[in-house]
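In what comes next, chain A is part of two complexes: it sits with chain B in the first one and with chain C in the second one.
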Partner chain A sequence: MRTRHNNRLGWLFASPYLLYGLIFFLIPLGWSFYLSITDWNLIAPVFHHVGFENFMKALKSPGVHAAFIVTFKFMIVFVPMVIASSLVVALAVHGLPRFKGLFLIGFFLPYLASGVVSSFIVKGFLSYNSPVNKFLRGTFSLDVNWLGTPFSALLVVSVIMAWKFTGYYALILTSGFESINKEIYEAADIDGVNGWQRFWKITLPLLYPALFTTLILSIGVTFGIFTEVYQLTGGGPNFATNTWQMEIYKQAFQNLSAGYASSVALIASVVTFISIFIIRKFLEMWGKRNGWT
Partner chain B sequence: MAGPKKESLTIRYIMAFLLLFIMVFPYLYMVLNSFADWNQVDRKLIPDSFSLRSYEWLLSGGQAAEPRPWIRAFFNSLIVSTGSTALMMVTGIVVAYALAKLQFRGRNFLNNAVLFQMFFPAIILLVPTFLIIQRFGLYDSYWAMILPKALSLWAVFMYTNFFRAIPDTFIEAAKLDGASDWQIIFRIMLPMSKSITIVVFLFLFMERWTELLWDMLVVKSDNMLTLNVLLSQMFGPYGGYPGPMYAASVILTVPIIILFLFFAKKFKEGMQFTLK
Partner chain C sequence: MKMKKAASLLLGATLTVSALSACSTGNPVSEDSSKNGTTTIEFWAAPNPPQQAYWKETAKEFEKSHPKIKIKVSPIKESPTSEASIQSAIAGKEAPTMSENINRGFAAQLAESKAIEPLNKLDGYNDIIQSRSMSDTIKGWKFSDGNQYVLPISSNAMLFGWRLDILKKLGYSEPPKTYSEVIDVTKKLKAKYPDKYLWAKPDLADPTAWKRWFDFFMLYDAASQGNNFIEGSKLVADDKAGVDVLNFMNDIRQEKGILTKQSKDPFETGLGIFTDIGPWTLTYWAEKFPEMKYKETFALSAPPVPDGASTKDVSTFADTKGLVIYTSAPENEKKAAMEFMKWVYSKPENDVKWFEKTNLPPARDDLATNDAFKPIFDKNPALKPYALAVPNAVPSIDNAKYNELQTYIGQYAVNPVVKGEVQPKKGWEKMKEAIEGDLK
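Presenting the complex of A and B:
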C-alpha cells in the first residue's frame, strides 16, 4: 500500500517532465522521421512519400557538404581560440588576492550579450569607414572585406563566439587552478623544476578535468552556431559559414521544404552525435594515455 | 603559477585589468556609439561629441522608416522571458524533487531519460515543434514562445544534483511534523538551495532573453516581436541608421546586465558550487 502511494506521488511530481517530454520531444522526434520521407512544403495540404529521396538529395547538396565541413572548420578555429583566451584570463586572474568579485563579474559580462547585439557591434566595428579599416588602409594599405572573404568571415564569427564564452570558461578553468594544491608547486620549486616543465608536468595534468569540461562545452557550441552567422553572413560567402542550423533554417523556412529540411536535420543530428561521441572518447583516451585522469 | 610573489603582483594586476578592459570594450563601444553624434558613429574608436538623437529617433519611430514598436517589443521580451523562466524554474524544482527525493518505480528510468534528452541534438526537433505550435493554434502568440521553453532539462539536472546532496533526515523530520511534499519543497529544499537558484535563474533568463531563432519563427505580427527579434529584423533596414541601432542594442543589453549585477554576489557563491 505504501509503495503504491509513493509511486503515484513520484509520477505526479515528475508529470511536468512526462508531459513536456511527450509533446516537445517524443512527438516531434517521430514526426521528424515521418517528415523526412515526404516532400511536404510546409503549406500545401498534399504531399507524397518519397522514400529516401530527400536523403539522397541532401547527401549530394552543396549546402549539406558545406555544413559538414564548416562545423569542423569552426572547431579548428573557434575551439583553440576560446581555450587559449580563457586560459590566459584564468592564468591572469587566479590567485590574485584582491578584486576577485570584480574580475569574476566583469569577465562574465560578455556571456550576457545577445548574438544579435554582438553581431551588430562587430559589423559596425568592421564597416568600411570604421577606425579599424581606415587604420589598415592608411597604414598598411590593406583593404579587408571582413565578411566577404570566406576565411575572415569564419574568423570574425569565431572571435565573436570566443568573446562571449571566454569569461565563462575562464571561470571553470580558474576553479580548476584553485583545486591544485599549492604544496605541489613548492615541492617542485625545491626540486628545481623550471616554468615550462611545471606547466606541462604539473599544471596541465591537474587542470585536465577542467580543461576537458571546457573542451567538450566549446565543441558542443560549434554544432549549434546560428545567430551570428544569420546576422552577419547568411551562411556565405559561398557557403563558407553555412552551419547546420543555418542550412536547416534556410531549407525549412525560406525554401519551405519541410520534408527535405527534416532529412537534413536528421543527418545533422547523427553527425553531431557521432562526432561528439568520437571526440569525447578521443579526449578521454588522450588524457588516460598521458596519465592525467 | 605558485603563490604570487609581491613584485610580480603589480604586473599581474595590470595584465588582468588590461584583459578586463579588452573584454568589456565592445560594450563600451556600443554605449558610446549610442550617444555619439551621428557623423561619428562607427567612425571613431572613442567618439567625442555626444547627443541623445539616436534614442529620440528610435523611440519616436524615426523619420525615414515607419514607426517601430520598440517599447512594445521590450515588454514582449519581458513577458516571454519572465513567463518562460518562471515555468522552467517551477517545473525544474518539482521534477528534480521527484527525481532526487521521492522513492518510486521508474525513477532511474526517468533520470536516464533526462540525461539522454539533454545530450540529444535538439536541432532535429525544430521543424516538427514549429508544426505542433501551429496545430495547437498558438502561432503568433506569447504561448508559442513560452510553452516549448517551459521546462529546462539543464535546470532539472542541476536541481536534481543539488537536492541529492541535501540529507534525507531534514525531510523525514519535516514529515514527522506533518509537512506535505509541497511544504518540504518550499520550506526546506528551496531555502537550502538559494545560491544555485540564483545561478539557474540567471542562466535561464539570459538565455531566454537573447533567444533568436525560435522567437523569430513562431511570431509574425509586428506587435508580438521580442526586442531581440525586432533588432535582428532591423539589422538590414536600419543599416543606414547605426546610431539608433546602437541605442536599441543598449536597451536590449542593459536590463540583463542590471539583473546580473543585482544578483552578482549570490551568483558568485552559486557558481562556486556549480563548478565543483
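Presenting the complex of A and C:
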C-alpha cells in the first residue's frame, strides 16, 4: 500500500518534466516522423504522402553525403583539439595555488559568447585585407585562402569551436583532477616515477570519468555544429563544411522542403545515435582496461 | 499528506498553464478585427527603421480619413530570416493580413502553396496600377499562371559601381561598356597596381542562391537583353548569353582580375574597382564612407555587354520587393488591405515620401519624368541612374524552386568558373542538366 502511494507521488513529482518532455520532445518527434513521409512545405493547405521517397532522395543527395563525412572530419579535427586544450587549461589551473575559480570562470566565458559575434570577429580577422593576412603576404609571401579551401575552412571552424568549449570542458576536467587521491602521486614519487609516467600511468587513467564525459560531449557537439558554419562558410567550399544542421536548415528554411528536411533530420539522429553508441562502447572498453567498470 | 497536496497542486498548475497556452491563438488582431464595425488589419513591414517609420506614418495618415479601418504596423521578425518568420507564421496560423518585403521568388513559393492572394482578382487592383503609373513596370511581375501576386513597392535596378578615381589614374574618364573594354581595364589595372583586382567579391565563389542576383543575373539580363531564364517550369535561358557571361568571368580570372577570398569592404578600400551597387549602398556610404562621392570616387553604370551588343537601354536585374495579402486573412481584412493600398498609391506624394525615407526607387514608370521626384534627384544625383534603369530592370525568376535552381547556377557554373575549375561551356551544360533535372 505504501509502495503504491510512493509510486503515485513519484509520478506526480515527475509530471512537470514528463509533460515538458511530451510537449517539446515526443510530440515533435512523432510530428517529424509524420512530416518525413510527406511533401509538405509548412505552408500549403494540402500535401501528399510520399512514402519513403524523401529518405531515398536524401540517401542519394550530395548534401547529405557531405554532412555524413564532414561530421566525422570535424570529429577528427575538433575532438583531439578541444580535449588537448582543455587538458592543458585544466592542468594549468589545477597547479595554481589560489584563484582557481576565477581563472576557470575566465576560461569559461567564451562558452557564453555568441557564436554569431565570434564568427564575425574571425571573419574580419581572416579577411584578405586584414593586418594578419597583409603581414603573412608581406613577410612570408603566404597567401592563405582561409575560408575558401576545404581543409582550412574546416580547421578555422574547429578552432572557433575549440576556443568556445575549452573552458567548459576544462571545468569538468579540473573537477576530475581534484578527485584524484594525492596519496597515489606520493606513492608514485617514492617509487621514482617521472612526470611523463605520472601523467600517462596515473593521471590519465584516473581521469577517465571526466574524460569520458568530455569526450562524449565534444563528439555530440560535432553533430550539432551550425552557427559558425552558417556565418563563415555557408557549408562551403564545395560542401566541405556542410554539417547535418546546415543541410537541415537549407532544406527546411531556404528550399521550404519541410518534409524532406524532416527525413534528413531523422537520418542525422540515427547516425548520431549509432556513432555515439559505438564510440561509447570503445571508451568503456578503454575504461575497463584501466579498472573502471 | 502535505507532500501529496503539494504535488497535486504542482501538477494542477502545470496542466492549467499548458491548457491555457494551448487555447491561446496568439493573434489578438484577428479576434478583434471587426469590432464595433472597425476592421483592424495587421501589416508586417520590413524590419529596417526607415521603412518602419514610413509605414507607421502612412498608416496614421490613412486612418485619419478612414476611421473604420485600423492598421497595426509591426516589423517582420528576422529569426532566422524574414522568409522563415513568415513561413512559420503561416504554419502557426498567425499570418498577418498583409506584408511587404516579399521578393518574387519567395512569392512564387507562397503562391504555389496558395498562401497569398492573386491581387489582380481583388477589387481595386486596376485602379492602383493606373493611378500609380506602373503598367510597364508591373508587366515583368506577371507570374507564369497569369496572375499578379505581388504589388512591387520599389524596383532597385542593380547597377555596377566603378572606382572612378582609379579608372582616371588608368587613363579612363568613364566606365567601360563592353566585355573587351573591361578586359582592357583589367590588364591596365594589373600592370599599374598588381595588388588590386577588378572584381574583389567573395560571393562569386559562394553557391548561396540569392548571391546570383548580384553577379550572374545582372550580367545575364544585360547579355540576353532581358530574356527570361525560366518560364513556368521550363528552362528557357539564352544559351549564347549565358556562355558569354561565363566566358567573360573566365577572361577576367585569367587576367588575375578576380579575388574571391574573404575581404573587408573591398570596393570602398579600392582593393576591387568594380562591384554591384544598390541604392541602399548610398545610404550606407553616407554614414560609413563619406569619402565615396558620386562622379568623383565612384561612377555607376549598366552591366557591361558582349562586344557588338547595344550599350543603350541595357537590361539588368531588379532587386524588387513588394506587398502581398495573405489568403488566411478574413474577407473584410483583405478588402481593408486593398483600400489601404489604393489610398497609398493614389498620390505620388506617398511615393516621394517613401523615396526620401528609404532611398529605394518606387516601382513606377514615370519615376525619372515625374516632377514630384525631381527635388530628390537634385539632392542625391546618384539616384537618377537607378530611376532611369527601372524600365529595363528584370525581376527575379518566379519559380517556387528558385532557391535550388539558383544554387545550381553557382554550384555548377559561376563558382567553378571563377575558380578556374571548369570551362565556361562545360559549366553551363552541367548547370542546365541540374536545373532541367530538378524541373522535371
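What we mean here is this: the second predicted complex is superposed on the first by the 267 of 293 C-alpha atoms of A that agree within 3 Å, B and C clash if a C-alpha of one lies under 4 Å from a C-alpha of the other, contacts with A are read in each partner's own complex, and residues count from 1 in each chain.
One rule holds in what follows: a residue touches a chain if its C-beta (ideal position, glycine included) is under 8 Å from a C-beta of that chain, and two chains touch if they have at least 3 such contacts.
Here the structure is a predicted model, which means the values were calculated and not measured.
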| item | value |
| --- | --- |
| First, second, both or neither for A:Leu171, with chain B first and chain C second | first |
| A:Gly291 touches, of chain B and chain C: first, second, both or neither? | neither |
| Which of chain B and chain C A:Phe253 touches, first, second, both or neither | both |
| Touched partner set for A:Phe13, first chain B, second chain C, both or neither | both |
| Chain B versus chain C as contact partner of A:Ser130, first or second or both or neither | both |
| First (chain B), second (chain C), both or neither touched by A:Asn41 | second |
| Touched partner set for A:Trp146, first chain B, second chain C, both or neither | second |
| Which superposed partner A:Gly138 touches (first chain B, second chain C, both, neither) | neither |
| Contacts of A:Ile23 with chain B and chain C, given as first, second, both or neither | both |
| Most chain A residues touched (candidates chain B, chain C) | B |
| Intersection of the chain A residues that touch chain B with those that touch chain C | 9, 12-13, 16, 23, 124, 127, 129-130, 249, 253 |
| Complex contacts: residues of chain B adjacent to chain A | 1-4, 9, 12-13, 15-16, 19-20, 23-24, 26-27, 29-30, 33, 41-45, 91, 94-95, 97-99, 102-107, 110, 113-114, 117, 119-121, 123-132, 147-148, 150-151, 156, 181, 206, 209-210, 212-213, 217, 228, 231-232, 235, 242, 245-246, 249, 252-253, 256-257, 260-261, 264-265, 267-268, 271-272, 275-276 |
| Footprint of chain B on chain A - complex, ascending | 3, 6-14, 16-17, 20-21, 23-25, 27-29, 31-32, 35, 88-89, 91-93, 95-97, 99, 101-122, 124-125, 127, 129-131, 163, 166-167, 171-172, 175, 177, 182, 185-186, 189, 195, 198-199, 203, 223-224, 226-227, 230-231, 244-245, 248-249, 252-253, 258, 261-262, 265-266, 268-269, 272-273, 276 |
| Residues of chain C defined as touching chain A within the complex | 3-4, 7-8, 10-11, 14-15, 18, 80-81, 83-84, 87-88, 90-91, 109-110, 112-115, 200, 202, 205-209, 259-264, 266, 269, 271, 400-401, 403-404, 415 |
| For the chain A and chain C complex, residues of the former touching the latter | 9, 12-13, 15-16, 19, 23, 41-45, 123-124, 126-130, 145-148, 234, 236-237, 249, 253-256 |
